[in-house]
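Worksheet: one structure, shown below.
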Amino acid sequence: MIFDPFKASASDKTLSMPPSQADFLRDSAFRYLAYFGALSIVLLVAYIVFELGVQALPAIQTHGFGFITGTTWNASEEEFGVLPEIWGTLYSSLIALIIGGTFGVGIAIFLTQGFVHAKMEVTFRTIIELLAAIPSVVYGLWGIYVLIPMLVPVAQWLHETLGWFPLFSTELGGPGLAPAALVLAIMVLPTVAAISTDAFRRIPYKVKEAAYGMGATKWEVILKVMLPTASSGILAGLVLGFGRALGETMALAMLIGNVNNISLSLFDPANTLASLLASTFPEAGQIEIQALMYAALVLLAITLVVNLLGLAVQQYTMRKFEGKK
Amino acid sequence: MDTLTHQGDFIATPYEPKGPVVIDCDVKNIYYGDFRAVRDSRIPIEKNKVTGFIGPSGCGKSTVLRSMNRMNDLVESFRFDGKVQYHDHDIYDKKVDPVIVRRYIGMVFQLPNPFSMSIYDNVAFGLRLNNYKGDEEEMVVKALKRAAIWNDVKDKLKNSGLSLSGGQQQRLCIARAIATEPDVLLMDEPASALDPIATRQIEELMVELKEDYTVALVTHNMQQATRVADVTAFMGVDISKGGRTGYLVEMNETRKVFEDPEQELTKEYVRGEFS
Amino acid sequence: MSEVNEQMMPPKVVLPKLEKNLYEARAIKSFLLTAMVWGLVILASIPLFSVIYMLIVEGGARLDWEAITALPPAGFETGGGFGNAIVGTLVMVGIASAISIPVGVLAAVYLSILEPQSKLATTSRFLAKVLTGFPSILAGVFVYAILVITTKTYSAWAGGVALAVLMLPTVTLAAEEAMRQVPQRMRDAAFGMGCTRTQVIFKVILPTGMPGILTGVILAVAGAAGESAPLLFTALFSNYYMAELAEPTASLSILIYNFSGMPFENQIELAWAASLALVVMVLFFNILARIVGRSKF
Amino acid sequence: DELKLIGSGASFPAPLYMKWFKDYSKATDGVRVDYQSKGSGAGIRDFINGTVDFAASDAAMKDSEIAQVERGVVLIPMTAGEVVLSYNLPGVKTLKLPRDVYPEIFTGKVKMWNDPKIVAANPGVKLPNKEITVVVRSDSSGTSYVFSQHLTAINADFKEMVGTAKSPNWPKDAKIVKAPKNDGVTATIKQTVGAIGYIEYGFAKLTKSPTAELQNQAGNYVEAGDKTGAAALATTPFPEGNLPNSDVPDLRGWATDPSGADAYPIASFTWLLVYKEQDDAKAKAIRDLIEYMLTTGQKSSDSMGYIPLPEAVVEKNRAVLKFVN
Amino acid sequence: MDTLTHQGDFIATPYEPKGPVVIDCDVKNIYYGDFRAVRDSRIPIEKNKVTGFIGPSGCGKSTVLRSMNRMNDLVESFRFDGKVQYHDHDIYDKKVDPVIVRRYIGMVFQLPNPFSMSIYDNVAFGLRLNNYKGDEEEMVVKALKRAAIWNDVKDKLKNSGLSLSGGQQQRLCIARAIATEPDVLLMDEPASALDPIATRQIEELMVELKEDYTVALVTHNMQQATRVADVTAFMGVDISKGGRTGYLVEMNETRKVFEDPEQELTKEYVRGEFS
């Protein structure tokens, strides 16, 4: 029984009752459930890392570190190396970050620094959010039938006029790094814009007021006060956006050409770890699957490092804004 | 303007209750983590009276009040050392579930906090919680009338409790608290967020309520204490040992505390010389 | 500008100049910068409009009753549609929701109310954030390893579980945030009435935080509906309506992926139509989330 | 209730199989046949893993692969097709490729469309000064196997650099883009100006993609088609004896480099892979299905760009079918 | 306790400046959207004096102050009807760039608002903005000394401005404001968020600053006004027409306003009878 010391002694007309046995049972049962809910996330992550590790183990044992430095992926010879994919992953993400980051930060400034009426701001913010809502495969489809045909003449012209420049040293046939990175940039942009917008919004109004009070112009306020103040938040957004880009799969698998190729040229086809998985996994044999699991582990490691970095930067930002050192 | 305090180990003269005591709160120490918030304060709450708590900000009025129905158990770092005797049980006894304590000892908070449900449901909330089997509607209406808000809301019982004005919300919260006819009502500055007219209404309400209930009231408004409280506990802050520990300076019938206090500190405080 | 300031900097100005000058460097720089952000915003909107234009023109042309009910055509065939893919997507998103929403909300309850500061909560919250940055294809790899290999078949189950892995952290974090938004004083009020924690959660926090929780959940559902990478080798694809959950299952996103790489006009047209259907579905959820999220306490 | 037969594998015969299976499912109550076109490699893997009821491959199966199937294997040549070189050069309606040139495109020796060797073979055709984009398969493919087998047979360089494989190790010198399945290669060629790639004839025919005339062993330029295909297969030898460790006759015959004067140089059978042992209902359903494919089915081969099986082969198949239990 | 106000169209007796006037602020009406916040108030700011603004909350003190350097231009709905004569310019003239106005008329706000950059950079900010070509460091040190914060920060000029305590932050903001030697300094309750000791320091600073600058000071603390201001403007709120419009009740030398006010309302206010 529940220990209820009060019933008798409390004033006789009280309607108060201790919770019923069932209430208490429900309470502890539910708390256990919630506990397991929270635990499930931890277990899930542990299980993912463990399972990928186990699956990749045979490949790790056979290929060792050479897997990371190897440049050939040849299932029939059981020769596996992912350096071109690592290169492609990082290179395409970096380009996407530079483009998407510039746009994202620009848009965040546009949305927070009073360039348009509040109502228009909502419109533009919605546009950016919708950009993020469009599924990756749809961008892939759009990339194939709209972006690439549009890019080919531009790339041809760049190659012909600036062909000496490593970035433009080859012709764009169809799929390649440039269309892939551009679509990736579109996908990174909303992340960067959202987090940067937050960073700008978190700046107390009084700071903006102080800057205007000093007689700064709007752009002096933005560039000399708002941007530096929001910089660590923006940085976090960039890092998280980079993390997104690293893991993006389908649009890339559809646009990048899926070729093991290490080249600086934006117009060469390339490959990424994620699109290697997407294009090779469905028909891989057992040995190749093990190698792909290893590749998945490499991808996991890269994104983990980048995301942890992003979270750390974000944490640091928060603390900074709370005024602590 | 520094707060004056006693130095050292001052302990207030114990207050001799004149009537039956419902809660006998005997604090040795209350800690938040390593921070000692209150020390050595014995505060008995008498039946069918309003016991007021006054004192400068941070002296631990709320802390002591919340100790009486174990609301502070929700604060992770809270540690209570002492005894709170409710009728003949120590509510800090290991066997006691704080949830049960709170059913008998209700609470009204500084900021009105109705639930985001209809006015009716707000008041019926406690009844349902306590599995009340009688006529729910009757009890709800009764509580609303008792809390002097019936006329304001009788035509819109289905509206959200949040749609009311601040003063109305606070009276709704009081109605919610008294619907289950709790044994004791703890009120922590229930009128501090309200305008003068709403404040006056709440004060009148408290005076009425004590006929049926026992009320403990924290207030920062000394006029309010004189108007409402039968007995007043004045708490101070002791900064002698580097900390900021609250303690009971003086407790007595309200008239006595305000007109002829025992302690110099009390005199200065009730005259408004420091805050 | 510097002219003005040199006048001003030494001890005191007597008669300052206050007039605007549109031709000084500062004004020109401001103008250029403003033009630049406008340019950025407009340029960034172009892809969206281009995508929408293509969806409406290319997809709209084929999005008819046949398209949303018929089965996918082989390359040489004409007509056909993606009815089975719509069903498959809905079923797998349903499975994913059925798994991830209860678990996620439970976890969120633990993180926001029960033990927000505990070690488990901190770890769990952190890992949930890490999981949101998790490449979606790895969810597919993981579920392939634990379900497809063991059950020896691609299935709607596997696809649903893979989507659930992706939804779980989103749901958890969004629900946690929504519950956090419920004012502390409402919780206090409920505890003060003598509610058990469970009662506080069910009677006050969940009802009050519901709009926020729903918004998060719906956005997670929208995201899952658009996902393709995790389905690639968990659900695979099928050319028929699903008969059971333990068989390869079609989905809109995989259909788009497959058909986009097809040389046959008919299939490409259907890829656009399926994209339109998918985007309409996703946007529907997004708009729903906005509407639900607007009601605030 | 409904019996389901699930198969997966080669994309080479996929259009034809899809049609057969659809028609058959429609005509036969209680049986539904589902086929996933994923590439021969993937089909073989599924078959070994037992995730399907049958598979299809145009590389047949290697002995080592057969050994992994405990339930025993029956290999049945089901139809045949030609591998064509499809290209995308606006304005170029016919293209002749000499026997020594087309392997060199795939080894990366011939890089430009206006390479003198190509120009010489195509008098009067205006070939652009454009890089050749070589489209190959990204997945493990029977088409690749058949094509590389042929190139290996006719070109020593190719044999040394690349060799015969389902996933050939394509040389890095060529500008290569990879795409999955016959469909993907066809689509990529169509989308990429200056591209060339190998696909099954049916895909070119159904998508109206131009194909190159290839110079055969006899020195004639031959266009792909039913006659030239049939001529190629006419000389195909079937091995004597049985599959390894089995009593099932071995029907793995290759037309590596047919010698007929009108023979199209690259043609191959494509096989259905069936288990020897399964439950009776399935065995019967599979036998019925194959019987349908051998009879009614063959009639539609021609119109879809495949080569109907010679009567002799149909008979051999009937004999083998008995082993399916 | 309702706020007493004049009824109707009362207009204060104009204040006759005793010395040269730097800003002559003549408000006809100030609107936020449709809301008329302030009406008919002529407030001249004299050179090298501290002009104090007092009045109940919402009477428009901040609004008027911020009109003097066009800070309120940042508020979308703000509309100014009247004239602010600064030396011989009307700062609301169309040709005038508000940015330049603010360079001459500096501002210190209620809440300290240093930038999240180093202490040194905070002070150098204005100099850099103005393309100052001289010895930056010298000017920074001078400003920090002038703002009586040099001793607190001289060893940590590289630390973030946000790492300082509230009082130090406010003095840093004053240093930042005076580094460019502005002509006038507007201060809106600069000490209201500070503890008594920091408040006292800021007050002393203001008295010193007026030797070089002209200061306009909003304060809700009447003692502060008597201690610091040479001239005091008292504003009230007019609720006669359903609105809540602020207006100037009385402006005069501080001693006069507090000891012998012309208006009954002023008398009541300075006696603390309403707030």
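General remarks:
Every chain is named by a letter (A, B, C, D and E) in the order it is written, and numbering of its residues begins at 1.
Convention: contacts are C-beta pairs under 8 Å (C-beta built on N, C-alpha and C of every residue); 3 or more make two chains touch, one makes a residue touch a chain.
Note that the coordinates shown come from a computational prediction; the quantities given were computed from them, not determined experimentally.
Common neighbours of chain B and chain E, by the contact definition above: A, C.
Path length between chain A and chain D in the touching-chain graph (shortest route): 1.
Centroid analysis (C-alpha atoms only) places D farthest from chain B. Rounded to whole angstrom units, the spacing between the C-alpha centres of chain C and chain E is 49. Centroid to centroid, with C-alpha atoms defining each point, chain C and chain D lie 41 Å apart. Separating the centre of chain A from that of chain C, both taken as means of CA atoms, is a distance of 13 Å.
In chain B, the residues that touch at least two other chains are 99-101, 103-104, 129-130, 180.
Each of the following residues of chain C touches two or more other chains: 194, 196, 199, 236, 261.
Listed for chain D are residues 179-180, 188, each touching two or more other chains.
Against chain E, in their complex, chain C makes its touches with residues 1-2, 4-6, 8-9, 11-21.
Residue ranges on chain E touching chain C, taken from their complex, read 86-89, 91, 93, 95-97, 100-101, 103-104, 130-134, 180-181, 183. Residue ranges on chain A touching chain B, taken from their complex, read 2-6, 9-11, 13-20, 24.
For chain C in complex with chain A, the touching residues are 26, 29-30, 33-34, 36-38, 40-41, 43-45, 47-48, 50-51, 54-55, 58, 102-111, 114-115, 120-121, 123-124, 126-131, 133-138, 140-142, 144-146, 165, 168-169, 172, 194, 196-199, 201, 222, 225-229, 232-233, 236, 253, 256-257, 260-261, 268, 271-272, 275, 278-279, 282-283, 286. On the side of chain C, the complex with chain D involves touching residues 74-77, 152-154, 236-240, 243, 247-248, 261-264.
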